[in-house]
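One structure coming up, written as structure tokens, with questions to follow.
Letters A, B and C mark the chains as written, and numbering starts fresh at 1 in each.
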Amino acid sequence: MKTKHLIDLESLSTEELMEIIELANMIMDKPCDYADSCRGKILATLFYEPSTRTQMSFKTAMLRLGGSLIGFDNPQNSSVSKGESLKDTITVVGGYADIIAIRHQLEGTARAASLYSAAPIINAGDGGHLHPTQTLTDVVTLYNEKGTLDNMCIGLCGDLKNGRTVHSLIKTMSHFKGNRFVLISTPELSVPQYIKDIMNSSGCRHVEVPSLAEALPMLDVLYMTRIQRERFKSPEEYEKQKGVFVLDSEKMKLARKDMKILHPLPRVDEIAEEVDYDDRAKYFIQTVYGMYARMALILKMLENADRKPMPRRIDTHAVRCCNPNCITSVESYLPKIFRPLGGDMLQCKYCEGRTLI
Amino acid sequence: MKTKHLIDLESLSTEELMEIIELANMIMDKPCDYADSCRGKILATLFYEPSTRTQMSFKTAMLRLGGSLIGFDNPQNSSVSKGESLKDTITVVGGYADIIAIRHQLEGTARAASLYSAAPIINAGDGGHLHPTQTLTDVVTLYNEKGTLDNMCIGLCGDLKNGRTVHSLIKTMSHFKGNRFVLISTPELSVPQYIKDIMNSSGCRHVEVPSLAEALPMLDVLYMTRIQRERFKSPEEYEKQKGVFVLDSEKMKLARKDMKILHPLPRVDEIAEEVDYDDRAKYFIQTVYGMYARMALILKMLENADRKPMPRRIDTHAVRCCNPNCITSVESYLPKIFRPLGGDMLQCKYCEGRTLI
Amino acid sequence: MKTKHLIDLESLSTEELMEIIELANMIMDKPCDYADSCRGKILATLFYEPSTRTQMSFKTAMLRLGGSLIGFDNPQNSSVSKGESLKDTITVVGGYADIIAIRHQLEGTARAASLYSAAPIINAGDGGHLHPTQTLTDVVTLYNEKGTLDNMCIGLCGDLKNGRTVHSLIKTMSHFKGNRFVLISTPELSVPQYIKDIMNSSGCRHVEVPSLAEALPMLDVLYMTRIQRERFKSPEEYEKQKGVFVLDSEKMKLARKDMKILHPLPRVDEIAEEVDYDDRAKYFIQTVYGMYARMALILKMLENADRKPMPRRIDTHAVRCCNPNCITSVESYLPKIFRPLGGDMLQCKYCEGRTLI
């Protein structure tokens, strides 16, 4: 890996991604060989927003490498409640830990943290923005359950408008050849245009389909996600539509024998409990692949970590990002940094939101 | 141990129980010999209901075996708050951890968890129902402090109606020969009939006594528990009665020189602080025995753990358990399973509550 | 170290303090040599009052010595909420852990805990009273950054009246030769008389100065602390005064090239963010020194720890301490113990508050 931090999976080349996947598989084959790989190393899990699932996966990964843990899972118990800046917290924890996994409700927090951390930063979810280790988990699952990452017909069902894991999976799978996407949602919750642009520019065919039943027969993979009740136009619309996007044993009869079901979890009721006993259900074993994926990632990142003692000062732009959920809206000392998009448009380097000069 | 999970101490044979006690004593003799027994293994402590004491005991036990820990101690910080089912949480954690200790406010939760867990489950307390590792602690303490588990006169004082540790200790000690019980409480808080039936059927003599002072001279062991203020008929009754069930130095003059005092802790004021300096007070060393008891239990359970990858589906009964504190009242997908008790009576396999068809 | 517990840094002789500093430096030089020094040992961190910074520092220290951890960081999750006494908690945890770090909002709590603990106790902060490992951190930082602990001109800025770390640093540095103090605060927040007495009796020169700008040119070291808004006489006074005690790049031009800035952290706005990039800013590296200081302390304390199985009873005085923030005001079973100060004055051995007979 050329980058020190893992903020966005897109910053990895396909080769780097394959290296992590292959390392995950090697660890899975012979976990004992890696049981002491991180002996003496410390992972800090800084969870400003609780997420038992993700935090446990990181912790288990580090422990199974022989490493140990510090961190918090509750902002109320942290110095944050005393008004400490993200910068100060990260600077101090970066002096204690060898590697940091950070989760925060604001977009761009992991990027902001990476400006000040002597230890490598892993983005464990920054608001609705990015969650790269979930996508890494998805990809390791696909690679193992399908034997390939190419030439698949991948169905994505649920809230495709707001689902960060959906967007990230499409982006990543677009880099592999011959993948097609079947997008299953209401018109209101369909994928944003910029995701369609990505599929188009990488030559991935895609089709929008209004119901699971219609899509199922074509799929090699079904990636299920929640549609939150409040995302529907009206309670009546919800009641009318909801069954269309719920997977149950009856609908599974329409699916291929070798189709695999994935889900980022936690699920609510979009997959009926009875489906758990179907051999094609892979959403639980997916969490085990996720643990191995994180073991591989931690190993790779520690391998090429060079600790820099103190950050250098970064020049700030005069313009402020206009996304109210961007970390810069709260942590005012952060340098304003943008990517020019042409014309008067700037893209915030933290949250990737667009701002007009 | 023949059973994979430890839900109820009653599921162990006396021989299996003695094996655990003897292993606890071997560890106590040479702790260094076991300092790496669980190296590379992970215990998950899932505490849906906080209990520092019990959780610390489990954690210390695992750490002193060289193992490591994941888990949570606060339901607010867990995915539970996102509406995830017990089944999903357990299935995922069972994929991360090698063994799970679970505590929950609802009865039958540990049994329910055992249906879905690839890793062995230890019941660390399920509501007012069972708390087998406390009883294991009590028995290891008795064995070490009295040198035997037979032929003892055991006093139990406090709320004998609602005290799960009292019921469990009576059940367990009834399997050993020659034990007698002195039951010290108000009439309203005396042991339930089914516990008396157990003592009778195993030929254990027992007597009910209205005050500590009267009971003390006969006892080899005094097992103290709290009587909660609100359990008394009225505040006046509480004020009148409370002193009768409080152990102090004055009352200790009535006790034998080799009597031992046990208490599951935390205590409030049922044992005066001055008694702590009496050599017969064993309630603090009892917690140390508890740590060794849990070390032995974890070792035994990991020894014969075979991991099953996915649970099989279980047929459900049409009848629902009528206990509102049963885990099935909340987790509706759980299969309804019962033991027929004769006539139209069914006993719920989760909470052991009785339901009429 | 002659004392089993570390309640107050003043209980260490200068030789003992130097031994810890030198051990910290040895560990810093060759951390690998100490990576297994505490293998098999357990540190309990009992944080009745949350403090992420201090708790993480202790945890990291223990992990980097190869030890492991139990504890809590939230009184709501502990048995304390069930009304358990400090004595009972400490007695039990002292049976589980090899060493305990305790933090509590009431003064004298660490001393009280030491009466009942089989394991050595480290005071990790008891209300506004003492915080010896912070001062140890400060001293290790000074020793490394200045190369000496003698003959320095030390500025202390902020709330010098209530700042326990300020008082403790003055006391400790007064034991070394030739140190002078420049006290920078408002008249209302100047150091208490008893601290001035200490400086006088050890022959340390000191001067009070009303502004940072005036003090800066003379200083070898500047120890910054917060002045809380509510400490000022009025909001108007705060607005008028606050800039006088804020360190920024402009003021740093007045300081010597080799002056070092320390701060116990967390800071709020008393040091402008721009100062972080000044080479003289040492408040972040100070936290790393703090980790090594705690590693050295833990090692020293475990070295000479002899576990006593049960505490002996201590006679209690008839008089009660009149400090409402003293631990004895809440934990009523604690023996009242005092140092006679002459006349009718007694000094409480827990909180060091004075009480008239």
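Simple rule for what comes next: contacts are C-beta pairs under 8 Å (C-beta built on N, C-alpha and C of every residue); 3 or more make two chains touch, one makes a residue touch a chain.
Computed from a predicted model, the values in this text were never measured in an experiment.
Where chain A touches chain B, the two copies mostly use different residue numbers: shared numbers make up under half of all numbers in play.
For the two copies, chain A and chain C, the CA superposition rotation is 120 degrees, given to the nearest 5. Per-chain Cα centroids separate chain A from chain B by 41 Å.
Residues of chain B in contact with two or more other chains: 68, 74. By the touch criterion stated above, chain C contacts chain B in their complex at residues 40, 42, 44, 68-72, 74, 76-85, 87-89, 91-93, 95-97, 310, 312-313, 333. Taken in their complex, chain A has these residues touching chain B: 32, 35, 50-53, 56-57, 59-60, 63-64, 66, 68, 73-74, 265-268, 273-274, 276-277, 284-285, 287-288, 291.
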